[in-house]
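Here it is: the structure, laid out below.
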Amino acid sequence: MSKKRVITFGELLMRLDVPNQARFEQANAFKASYGGTEANVAVNLTKMGMPSKFVTVLPDNDLGRAARGHMQKSGVDVSDVLMQGRRLGLYFHETGTMLRSSNVIYDREQSAFAEAKPGDFDWKEILKGYDWLHWSGVTPAVSEQAYNLLLEAIKEARALGMTISVDLNIRKKLWNWGRKPNEVLPELIEECDILLGNEEHIKELFGIEECPYDLRSSTAHLGEVLTSRFTNLKNVVVTWRRTISASHNKISAAIFDEHNVYEGRVIDIPDILDRVGSGDALTSGIIYGLIQFEHDLYKTIDYAIACSAMKHTIPGDLNLATSQEIMAIVDGDNQGVKR
Amino acid sequence: MSKKRVITFGELLMRLDVPNQARFEQANAFKASYGGTEANVAVNLTKMGMPSKFVTVLPDNDLGRAARGHMQKSGVDVSDVLMQGRRLGLYFHETGTMLRSSNVIYDREQSAFAEAKPGDFDWKEILKGYDWLHWSGVTPAVSEQAYNLLLEAIKEARALGMTISVDLNIRKKLWNWGRKPNEVLPELIEECDILLGNEEHIKELFGIEECPYDLRSSTAHLGEVLTSRFTNLKNVVVTWRRTISASHNKISAAIFDEHNVYEGRVIDIPDILDRVGSGDALTSGIIYGLIQFEHDLYKTIDYAIACSAMKHTIPGDLNLATSQEIMAIVDGDNQGVKR
Amino acid sequence: MSKKRVITFGELLMRLDVPNQARFEQANAFKASYGGTEANVAVNLTKMGMPSKFVTVLPDNDLGRAARGHMQKSGVDVSDVLMQGRRLGLYFHETGTMLRSSNVIYDREQSAFAEAKPGDFDWKEILKGYDWLHWSGVTPAVSEQAYNLLLEAIKEARALGMTISVDLNIRKKLWNWGRKPNEVLPELIEECDILLGNEEHIKELFGIEECPYDLRSSTAHLGEVLTSRFTNLKNVVVTWRRTISASHNKISAAIFDEHNVYEGRVIDIPDILDRVGSGDALTSGIIYGLIQFEHDLYKTIDYAIACSAMKHTIPGDLNLATSQEIMAIVDGDNQGVKR
Amino acid sequence: MSKKRVITFGELLMRLDVPNQARFEQANAFKASYGGTEANVAVNLTKMGMPSKFVTVLPDNDLGRAARGHMQKSGVDVSDVLMQGRRLGLYFHETGTMLRSSNVIYDREQSAFAEAKPGDFDWKEILKGYDWLHWSGVTPAVSEQAYNLLLEAIKEARALGMTISVDLNIRKKLWNWGRKPNEVLPELIEECDILLGNEEHIKELFGIEECPYDLRSSTAHLGEVLTSRFTNLKNVVVTWRRTISASHNKISAAIFDEHNVYEGRVIDIPDILDRVGSGDALTSGIIYGLIQFEHDLYKTIDYAIACSAMKHTIPGDLNLATSQEIMAIVDGDNQGVKR
Amino acid sequence: MSKKRVITFGELLMRLDVPNQARFEQANAFKASYGGTEANVAVNLTKMGMPSKFVTVLPDNDLGRAARGHMQKSGVDVSDVLMQGRRLGLYFHETGTMLRSSNVIYDREQSAFAEAKPGDFDWKEILKGYDWLHWSGVTPAVSEQAYNLLLEAIKEARALGMTISVDLNIRKKLWNWGRKPNEVLPELIEECDILLGNEEHIKELFGIEECPYDLRSSTAHLGEVLTSRFTNLKNVVVTWRRTISASHNKISAAIFDEHNVYEGRVIDIPDILDRVGSGDALTSGIIYGLIQFEHDLYKTIDYAIACSAMKHTIPGDLNLATSQEIMAIVDGDNQGVKR
Amino acid sequence: MSKKRVITFGELLMRLDVPNQARFEQANAFKASYGGTEANVAVNLTKMGMPSKFVTVLPDNDLGRAARGHMQKSGVDVSDVLMQGRRLGLYFHETGTMLRSSNVIYDREQSAFAEAKPGDFDWKEILKGYDWLHWSGVTPAVSEQAYNLLLEAIKEARALGMTISVDLNIRKKLWNWGRKPNEVLPELIEECDILLGNEEHIKELFGIEECPYDLRSSTAHLGEVLTSRFTNLKNVVVTWRRTISASHNKISAAIFDEHNVYEGRVIDIPDILDRVGSGDALTSGIIYGLIQFEHDLYKTIDYAIACSAMKHTIPGDLNLATSQEIMAIVDGDNQGVKR
């Protein structure tokens, strides 16, 4: 197994879930867990056997420490997490089912992460010994400072020759600090080797209007457009989701590698337990596959889709599954019960 | 939005649910909530933006006050609820799944509502300022006094020129006080403008034997029979449910307006979370539509079916959904997650 | 019973409690309830038979609506609650026991209430028909706008000849918007008829250095100083608490009425279930007594202390107790079990 | 160990408890358990090593069967429980603490037990092979039929030469069927060998006005009065409870045996977990002691008080404690932790 | 109804379940229940109206007694359960969903059952009055002593002319004491009248290599092979399960009676709630049918499949369903809700 | 703050707690947590600011990994935990109150830890960079191999010049592998610098018969006897507990340093929440104080007693308290609520 090491940077939120599929107004308790797109990737990789580091900012209070402990529990390296600032970002989550959509209420403004400033991190020291930096479009959305911090990190990673991946993850409601995704992200993507996103986000961000309907062709098209524009880009992953209802989805993805498209299988997910983090699980699978499967892109894409499918069966943001479990799905080994 | 105001009259019960889909004998706790067909309609309308009044009788003890508070929480006007009598009606509920049916054990005899007497309410005062009275076939089933109380209310409402709607809701096990549905209900239906019921209940109550198989034709047939017999009747709504299993149903409905039948779409409900109150949700949708959609009966029937479908996704008797959420279903706007 | 009606104005927070007396880092769920010093007073009075109105600002999202529903459940009039702004103020609470203190983490900055602006309320309309306005020192601490809103309300209440009461409730950590309690509160207290506070807060706020040790004498001293300075002030209530441990307190209070001090009994509270809101319960008891007991200040002060003692036995912020229950404590009627 | 066998007859109720010491209006769930004074005695004796039989009537529905299963779980013989009738008696329970009393709301009218009729049981068959019949004052309070059923049982037991014990257990609110305790109980007590009751109940029932203050003397006085009046009576047990608060009691008891009074120790119970059933635990201890300790009445009374004290530490109606555990309390063997 | 009585012998385990479909590492609590293949059969039969006896060994500590009480609760005769030895066998269970398999971690070595020795039971006394002995392949797998104990029981049962049934239930991981299934089971099966197993287990155990694909033909083939080899064998039941995912299975079975094959219907189970014990439910249905349906093997097989299907809807190991409920499934009576 | 680093070695168990102070037979769920005397010390020190390493053996299954994750969550270094063997040791715990004792049922035989063998650890590598080794009398009790492993570790630690501390912690029931505490422990204590134990354990282990009654004098006596016998021993800590009831204890301790006795204060603990681990908390306080307080033994002993007192207020085995919180208790700073 390759010993390449991955580092991710982003915000960690407390997630407060209405229990038992009830609605917000029925809640007299919230289940508490922790997650965030980059945090999730670090945990997922660690759980699959690639110990990773997660860098963030958390308030130096009992809630911040609890959040950090939650990362530690999964074995993630939190030695560079900064404990400062006023509040922990939160989100409230109501789980939908069938034709009732899930609802998210973000409450993350003025968080410790949003208020951290460039210079707060010694990136050279932090990145030392790591091979891969992953970030998502959520981080620069949070605040101008967060964007600047990320820029620092990316530049340093590039200088160190690290591989850099980005998951576009565009959440329009978050972009409130002045500049918009298309004004900010291209500059950051310049330095990236791998880009992941769904068709809608990619088209919107880069002003691509026409696109073939099927996943293979659209991936080929978008992959060519992007790799021509961003010369460091080696792989473009286009993710696909068909929302039949809040509890029934179908998912797939395809990867472009400058020349070819490798399209994965479609997995049907008829009884979603928890969809949150399933995009991050896919990202984790891509990173894992690109590092461990030595250019077997078919295996990589199927592995990543299996990661994402698996996440839909696990409560919380984290894809608490081993690589053995994921490979069993890829291999179609379906026992129902393991004794 | 029309400011027409609705009042409902009926019994409010405490519902005691076995948690976690276990069986009665496995229960070491019961989830407690409150519901009743007319109470549910008042809450559903209020939640959809039409503040409504609910009239009932509750015992003047801590359980009665808790039940009243539960209605207040949803913004329903409870200022005319009478606090007297000995006990709160109850029902125990075991949630089935697949080929295991749900079970209901009623324990509502001798309740405060069943023992209230004509004269206990000043209907003229209570109905003042309201435009619509809704009741269901459960109310006159409860006791002779309840029947008489309802009769008083209906007569006063008619005198005041209010619209009156009835949901047949025939539960044979409840009719124990001497007279039977067909001896009692026709006299009450005389004064009604709108009638809702499923084909089986309508046929049985009115001794209709032949009926076409499909929903559109049966609605036409039943609608014609009923509107000829009951001259105040303007609309007949026939509801339809196909029980594939305890957790998988298909639902629909059609409305007859003296001349035409407006048949709604069929909605598939493959993973029922809580079916109780889904008929009341449909009723609420019909009342809402007739008031707010100005004679657009296609929109009304689809809105009502969407209400009913939505209820299957929400724990408890109440359809805690806004009219925006229901319209999103009617419009086929299915996001899966709203952030 | 007097029909005088009370209105309170302040912030309503969601309270998130670690269950089972565990510590923050052990929490995988939080119990959710709602409270705030002025909201608590409105609920407590309503529960004791004096229907009251609560005025606040809540975000127009599902959490804001849930908070409002919670007030409605207790029968409080919420018809003037403003639904606007971005977020609901929160606080996290860890319940201590014995020598482990309880911990509160506030997360209420930038709340909908803090960001409301003068002019947002039509005070003349809101106060119409009410006899008494109550506020606490928490409201002007929240933000400069909140302070200005309160000032508007107090001036209008004074113009309408209403009785005005204030509970000092000084929480230093909250005063972050520029001015300090002693720069702001005196101007507001000028218009008040009743002031409540503990010795420490009164001394600090008004720069009183010397004070007799026992409660009777200190109340006489502080009462005289304050009534001389604030000419509208008729009563000063000094509250007293001896903290033996986080779960064992003794409480008392005394009231000054320009001439005399009425000192209440000391109640021992050896097994505190929930201390939060016990000061608000005392305030509610004072308001209740001053209105209902026609100048029987001994009865008033003992009633108020009994309210506060009762609150220590009830989970959540609210003193869900009737006046009959409180009078039974005042009368020493201790049955242990009521069947 | 003596192999004497005990049979008890009475009603079994479902108990619905507000969790977490909250108030009724805060309950969104109830813990469900089962109990009743005679049922509790049968379970307690069985748990202490004397397998006993419990006779009652339960509705032949899932709730009745669950109640019966609960008795079976403890090893009690339920082979003569009659499954018939309409409803299971219920009671709702709110646990008080300190100066907040516990509250009980009975909902047991028209229960299957209340509606059973003389002739429903073949007492000769049921009592065969048993040595002791125990009943309490709750049974004849429930309904006239229940009284008659009990009378049948007592007469048959007397004819069979069985020992008969009664726990007065007078609950005035239950006596609604026409006759009052003092009109009914003396006739039943005529046939009894052992009577238990607190001073207040004994005095009231038998019109005894004067009574010495201390437990020893009052037991002597009451014992003499009762044994002169009821010639079969061999022992009178007077129970004593000092209610310092809802969560802090002191208890004791004394036993009179025609000649002497044997007064037990006083046990302080500073943190009551669940007081319900503690009187039944004491009764069980008396029966156990009279059978097993061969006339050692000091040991018997201390054993019975220890049973009662133990019950205050166990949730539910049942004293789930072995005789070894009780003897350890009698012997003052206090380890705190048993590993 | 036939009064034939069944006895089963095997190990009873405590089952510890991760709640809410979470993974082992997320568990901060485990739901506790009790089960074991032979125990399950005894409970299932009792619940369907055939009171049965269960024989096992449990440690004489509070956990062993709790396990025994759990059996008693269902009305099973536990009078011959031996209380001795050191520990209760356990298993931890994680419930899978969709493509995530369920996981079982056994922790049953050195259990009280595994360490019981031949001679510990007086089989002649235990079996007296019973007509049928059932055992499964789990029992001889547990330990050499357990195998010997079982051998004693089977021989005595044969001597008494009882019917003997076996469910192969081969769990390879359990066979650690030296001999393997094929060295041990044939000798025990010699004495059996009924054998149940799935195709895979039967083929492997008896070294059968070729087998037709469809259930009817394979049952015919396997049935003939087995009945020729084991001359006491009258019926061979072949069970069938198609695992579409961890939460979606299809099940069926067929029975061979020396001459013919009776194939049951296929039941689709799209939302498995709890699959554990569904094989035991099928076995119970076969025993029930063979005894109650007088050689109607089509009814027997469909009844057994319905039992198994029902079990998938009930949490825990036990098929808590009455024969009326099972017959309703056989008859296709699907109400969805029973009121 | 001193940077000295501590390492502990021992078994980590899963703890399964009956919830809500119920008895074992009432449990339908168990709360799951993890603890063990040496593990607890490592967590407590880490939480107080001294990052520590914990060495143990856990099975390489999901339960073992969950146990390890739990340690990681608290920041303890688990990089030398060995993942091998068959099962995780368990203990079941029933929390007593008042005169009902707590009960522990151990189920730890044949655990992965008990079956580890000398040579499994490279102690030189593991101990490198650490200053202090702590162990307890539980470790050599577990099995002969565990004793040998410990002996290896102690010898290596001594060779490296580390400080070694031992908490006697004698649990007679555990010593089942052949040799007894007094045959084994003295040899291990030879190498220790610090010994902790209660008077009873010390007397019994070393055959000391006479001992003064008061804590100061007994500590002087025992300290002198032990330091004369074990020449490396510098400090002897004698712990003291008065068990008033299962929920009310008083605790103290004294430390001997070759010349003097430093006796700590007595802390009253009237409402124990969780006593388990309170001895380990005291041990942690002693180690912390000896390292951080530079020979201020009065401060050390009061700090350790405060640690132990604090532990009684926290659910689980771990003393999740910071050194600031402990110092506040030492300083008598008792706020009741920290906002």
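Lettered A, B, C, D, E and F in written order, each chain numbered from 1.
To be clear about the criterion, a residue touches a chain if its C-beta (ideal position, glycine included) is under 8 Å from a C-beta of that chain, and two chains touch if they have at least 3 such contacts.
In this text, all values refer to a predicted model and were calculated from it rather than measured experimentally.
**Student:** Both chain A and chain D are touched by which chains?
**Tutor:** B, C, E, F
**Student:** Name the chain whose C-alpha centroid is farthest from the C-alpha centroid of chain D.
**Tutor:** Taking each chain's C-alpha mean as its centre, the farthest from chain D is A.
**Student:** Note whether the interface between chain B and chain E is symmetric in residue numbering, meaning over half of all numbers used appear on both sides, and answer same or different.
**Tutor:** Comparing the two copies, chain B and chain E contact each other through largely different residue numbers, since under half are shared.
**Student:** Just curious, how far off is chain E from chain C if you go by their C-alpha centres, in Å?
**Tutor:** 63
**Student:** Distance between chain A and chain B based on Cα centroids, please, to the nearest Å.
**Tutor:** That gives a centre separation of 45 Å.
**Student:** Whole-Å distance, chain A centre to chain F centre, using C-alpha means?
**Tutor:** That pair's centroid distance is 42 Å.
**Student:** In chain F, which residues are in touch with two or more of the other chains?
**Tutor:** Each of 23, 25, 28, 69, 103, 270-271 in chain F touches at least two other chains.
**Student:** By the document's touch rule, what are all the touching chain pairs in this structure?
**Tutor:** A-B, A-C, A-E, A-F, B-C, B-D, B-E, C-D, C-F, D-E, D-F, E-F
**Student:** Where on chain A is chain B touching in the complex?
**Tutor:** Residues 20-23, 25-26, 96-104, 106, 171, 173, 243, 245-249, 270-271, 275.
**Student:** Under the definition above, what is the set of chain F residues touching chain A in their complex?
**Tutor:** Going by the criterion above, the answer is residues 69-70, 72-75.
**Student:** Enumerate the contact residues on chain E facing chain B in the complex.
**Tutor:** On the chain E side, the touching residues are 267, 269-271, 273, 306, 309-310, 312-316, 320-321, 325, 328-329, 334-339.
**Student:** Under the definition above, what is the set of chain A residues touching chain C in their complex?
**Tutor:** 16, 19, 23-25, 27-33, 61-63, 65-66, 69, 86-88, 90, 92, 94, 103, 105, 107, 109-110
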